[in-house]
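Next come two complexes built around chain A: one with chain B, the other with chain C.
Let's turn to the complex of A and B:
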């Protein structure tokens, strides 16, 4: 790869983006951007929610419950009247000051529950105007988050807590019973501090009231109403800001790659002295730079640091890599759009859903966005979590580019084939020897890791009785497919002779490759993911071998045997492969089940 | 008319041949299922009453107000109070896992109760425990307020009764359904732009124009195909949701609304592709334009998302119907305008 050529191609690519826009396009783009620029501040100010007024409460204007209804977005007040609920005009009707007529439906009950929490919030606001603070808010709470038991999380921080007194509390025990602080917040009269100092010490640190107890104005901090379970939704929204611009970048990128394939436009570049790697790197560089260019200012604006930028940048790399492959496989722009949407949706789900549980559950660590969320919240940097979040993503991106490079050539670039056939071509391209099969298996392990993490993330809330068998089955399917799909591609594209001996050799290579690559799954140990029942079921296999030699050999034998079985099937036909793969999966499932029930 | 149907059929055939639309549908299904699983999981954790009492929480109670607080804790769903004589005994119990949380409650001179709560850190249980404690302590707060009511100038309102309703019920209608309704509409517009842009880039657009077809007829044919597929997808979602116990209240009206929006997005996409020669730029104009239009529409008294949510959950108002009628009107007018404009643009 020659840096000079790469840079020249990158310059062309960037120039093509800017230089070819005609005046009409520029005006149109400017107009749409202007509209967005005008609309955004208005949206931020008015903050419309999709749930406005979905529950209707029949309540009189003079009724005391009218105020809480009017103050709540999701509730709307409708005029009362005879049989408002029976006639379907309302979901809940307030009769007098204590009677409630509720529609007999899930919606009616939900409306009542919403009214209940609205009334609670209203009461807190009402009480905030009372003079006697101790009677208005007769209960104050401090929450300490204490790690307990002997579970050692071997994460970067390394705070192995012993069973004595809990360390690592999130809120200080002392001095946060800030009564005076509370009243000052809610704008009521201060003073009247008689006897409000408590055993926990004076309110010296009143300014730094408990960080976790974030209340809205209605529910003062340190009261039950102000308690919020840890759920970093705001930080997640900030993280969303990072990923959204990536969509624009990958749309342009996919378009540009597919452009080369229409009417053989990419041919001149292919016959130039530039190598394939030069071309691909040159074409990608401007978009990678664009991703970096949008990430850094956003990081600066939301107060995220270097770790966040790096994590998002690597995620952007995977977005680009998968789009690159998609654009190489797609037959038309329409197909590319579907591929782009698929990529966006799957990667967003992978990045977002686990990140919701940041600080709540170790599963969050699989998402690069959890690094961002932790960073924004000012939590200490965890090397283990960072590695788990970024290594699978980064290696998967590299492998995608590797596979794409294999088919970035005349005979593949300008032919139209169905998407799966193209994918098989890409898998078969690097298979020039038996050894290469093993290497490709190793290269596929990051995808295995991502898929298995995804499965674990999807199933960890399900009760273990159901989740463990499901995870075991999914793991068996994912791993067997990863071990055999390229072997099948090799046979199909006549890379290997269809003999039994070759099939066995390929199975051996693939099995050994997977056994070695599987050690990457040990990453999950870094954040204690394997302590979960579900996580243990999925990743326990890779960790075997700490004990005896027999345990070390067992997974090796398993992988070689199952890979050989599916290779033998793949040798014959698509149907033979499907049947053999099913057999291999069952074999793997049986083995996993035995291991989990006997060892775990 | 016939020639338009031919074009529509050709577009649908190419979608079917590529089979990727199946993939896109499968992905939508997967994401919806995934998020639903998570939400159901969260609901069962947050509101144990709704899902039949999931995880039981044991709370160690100690301090001089323990006799007061204990019964309140015990009263909660799937909660159990264990009394300890001393704080250190309670903490030892917590460390040994006998209890999931410790509450040290002390009565102060002012009549206020100070509660020092200890909950386990860094596990999923944290969320459950904190949300249960919040419920129990709120109940305790109400009880104490009632006991001290003589000291208050205004009295708090009595809470409406509990009937096991979930405040997460709305999620399906306010988040999931609008998302599932707008995603296909947006994709339809996007592939409409793709289709026209590709005809132009591959040079088949001129071939198409040399056929005995007017430009508006070509627009009709292409729009017909892409507008038709969005409501079909949304209808599938509605059927699936209804089977899963989330009935859609005005299915036909909601589909009509989605169709009107799809029509607008599709002609918008076609217009973008006709106005801008290159695919990439056309897509950019379309995406930003659609984003801006949705943003602007969100400023309406009832945003499109809100209209879909209200229609689906069955809480319509006059404004909802006015917005619906407005969408239909703008859909028809916008379509007609684009059709005429397309003829002009393509001729220049």
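Let's turn to the complex of A and C:
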């Protein structure tokens, strides 16, 4: 590859694009970028919280409850007045220092629960400022003697065992992460909390403690208002801001690649001393630079670090790589639109759906955006999570470019074959020997990983009884297709003799290649993804081969046998391949089921 | 052709298949330095595939293609070659000047030299509009820009696929004259054409390609000698068996015509006319044109 030619082509590509954008489009693009530039810092500063001020509390400024209300996002203070609740101006009205009027509705009850937890959190914060911690947080222990073997109910809702080991089942606060303003009732309070605690709270700076709110303190706090959203909305919005401008970039990139193919415009470039790699790199560079120009300033604006920028940059690389491949396969701008929309939707879903569960669930680690979210929230950097989020994405992007380069030549670039036929041509192009079949299988493993991670992400919310069989089936389909589709492409494009011996050799190469390549799936262990029920179903096979020498041969034999079955069908015809592939999938499914049910 | 000339281009046992279609089935030819070599043949004969293989655009399924000592797939070979495809694929938003400068840059031609070459080529091709977008151009003007592009690296070998295809007569003449001019400057040119008149007027040697193979090859004289024929038309004033009666009476009586292909046959006609009491009154000869040879060799396909 000649850097000088790459840069020359890149300069030409950038110049052409700038020259072809009309004034109206340029203004529209500038406005979009301006809006993003203005909205992003505003989002960071405002830190939007869903449900902010959703519960109205009628409380006087001088009332001790006013401070907890003012300090809580979900509560908003409204002026007290006659019949504030009855008139619908408030959900809860504070009467004096101990009385409450609550609207007779679910929202009213939720408002009261929120006020209660807000008050306790407020009081705890005040207490924390006291020098005498023991006085501020006195520990009360009730001791009662019981005979061994007698089960008694614990006061905190848990059950004490006869051994008295204290293992109760703590009431989970909505199953969410601990939130600053959410206090789990530790059981330290006595009774139902109806008393009007007048804790000292004399710290001048902290103000006066609010009395406890009457009501059932042990009632679960997972009311709508009490629920913290399970995802970091503001961080996700910011992450979205990263990816949104990428759509403009990939649309432009896809059009440019297709433009080379329309009327054979790219033919003279292929005759020039520039190599295919020079041409592709030169044409891609401006768009990669545009992606960097979009992501880096935003990253710095929102306080994200190098890891975030790198993660999003690699995601942008995958967007571009898949668009490149799609633009090589599309026969028209209409098909290109279909391709780019599909690319956008699938990759956005892959990036965003798991990232919603950042800090909640290990599934989030598969998305590069989870790195951004964690970074913005100030969480410590995790190498395992970073690798899982970026390695499959980066390698998949490289493989896409590799496959694309294989068909970036006259006889493939300008033909008007259907999209699947072109995809098969791309897969067949690098197959010049049996060994290359194995290597291509290894190269396809990142796509397998992405597809399986996506399947796990889509199904982890489904009950395990349904999700596990579905995941097992999907994994079998994905892996068997990945092991055989290029073998079929090789036979179809006359790369290999259609003999049984050749088919078996290709099956062996592909099976071994997959066995070695699937060790990439061990990345899932770094973040505990394989510990999930559905994660174990999807990735248990890779771990099995790595963890147990005795069982090492089992997945190897499976992959070689099923790949050989598919190859034997592929050497005959498309129909033969389809039938053999179905058989291989069933074999794989049976194996997976056996592993899950016996090995666990 | 002088024997001292060295071959700068050779094609040996070239085969090219597209899937199940065998487009080229063993083509062989050589082109000497400074020679103008024409490839003619019906549509689908394999001419364009052969030319694209020469330009390094297509990889041979088997066989060998060597240009200027380089294998045709070698990127270094491309520095020494100028290729003009059948169509004129241009970036329509670019001006001729910027387009040609871009390609000159890819060939590592410095700006000053590039500008000189661009100006010289466009002058000779009579293209004045050099700073307007190519998208505004007629087909002929685009063709001229494409021809100029093939010359920005001052190549030794030019491979032109149908250089005058689809152009109006005036532009066609400009292009053909320009090709002659290039040949006069010592460029080695391989080009294909449908118009056999152009081939006859420009080429030193010709290969007639039919169904992926070379059906005839050599100078025009050699091809005509090998594949052409001389037709003798013998006119008599008496009817003899096999003769054709001519309807047109030109005032000198009824005439009969016999078509034969050798002097011996002419002598035979003369004897039979004498026996019938008449005479041979006229003998005319007609040599095969390249078109006749082409039609004969290709079985009349075009």
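As a convention for this text, the second predicted complex is superposed on the first by the 383 of 600 C-alpha atoms of A that agree within 3 Å, B and C clash if a C-alpha of one lies under 4 Å from a C-alpha of the other, contacts with A are read in each partner's own complex, and residues count from 1 in each chain.
Quick note on the criterion: a contact is a pair of C-beta atoms (placed from the backbone, for glycine too) under 8 Å apart; a residue touches a chain by one contact, two chains touch by 3 or more.
Only a predicted model underlies this, so the values are computations on that prediction, with no experimental measurement involved.
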Revision key, fill the gap. Max touched-residue count on chain A (chain B vs chain C) belongs to chain B
Practice item. Could you tell me if A:493 is touching chain B, chain C, both of them or neither one (first, second, both, neither)? Key: second
Check your understanding: So, A:111: does it touch chain B (first), chain C (second), both, or neither?
Key -> first
Practice item. Name the contact category of A:263: first (chain B only), second (chain C only), both, or neither. Key: both
Review point. If you stack the two complexes on chain A, which partner ends up touching A:12: first (chain B), second (chain C), both, or neither?
Key: second
Exercise for review: Pick one for A:54: touches chain B only (first), chain C only (second), both, or neither.
Suggested key: first
Practice item. Could you say whether A:564 touches chain B, chain C, both of them, or neither, answering first, second, both or neither? Key: neither
**Study point:** Contacts of A:295 with chain B and chain C, given as first, second, both or neither
**Key:** neither
Check your understanding: Given the touch rule stated above, what does A:410 touch, chain B (first), chain C (second), both, or neither?
Key -> second
Practice item. Touching chain B in one complex and chain C in the other: list those residues of chain A. Key: 20, 263
Study note, to complete from the structure: chain A partner, complex, touching residues on chain B are 14-15, 18-21, 23-24, 27-28, 30-31, 34-35, 37-38, 40-42, 45-46, 91, 94-97, 106, 108-124, 126-127, 130-131, 133-134, 137-138, 140-141, 144-145, 147-149, 151-154, 156-167, 169-170, 173-175, 178, 187, 190-191, 194-195, 197-198, 201-203, 245, 272, 275-281, 283-285, 287-289, 291-293, 295-296, 298-299, 302-303, 305-306, 308-310, 313-315, 317
Practice item. Would you pull the chain C residues touching chain A in the complex into a rising list? Key: 18-19, 52, 55-59, 75-76, 78-79, 81, 83, 85, 87, 89-91, 93-94, 102-103, 105-108, 146, 149
Point to revise | Footprint of chain C on chain A - complex, ascending | key: 5, 8-9, 12, 16, 19-20, 263-275, 409-411, 493-494
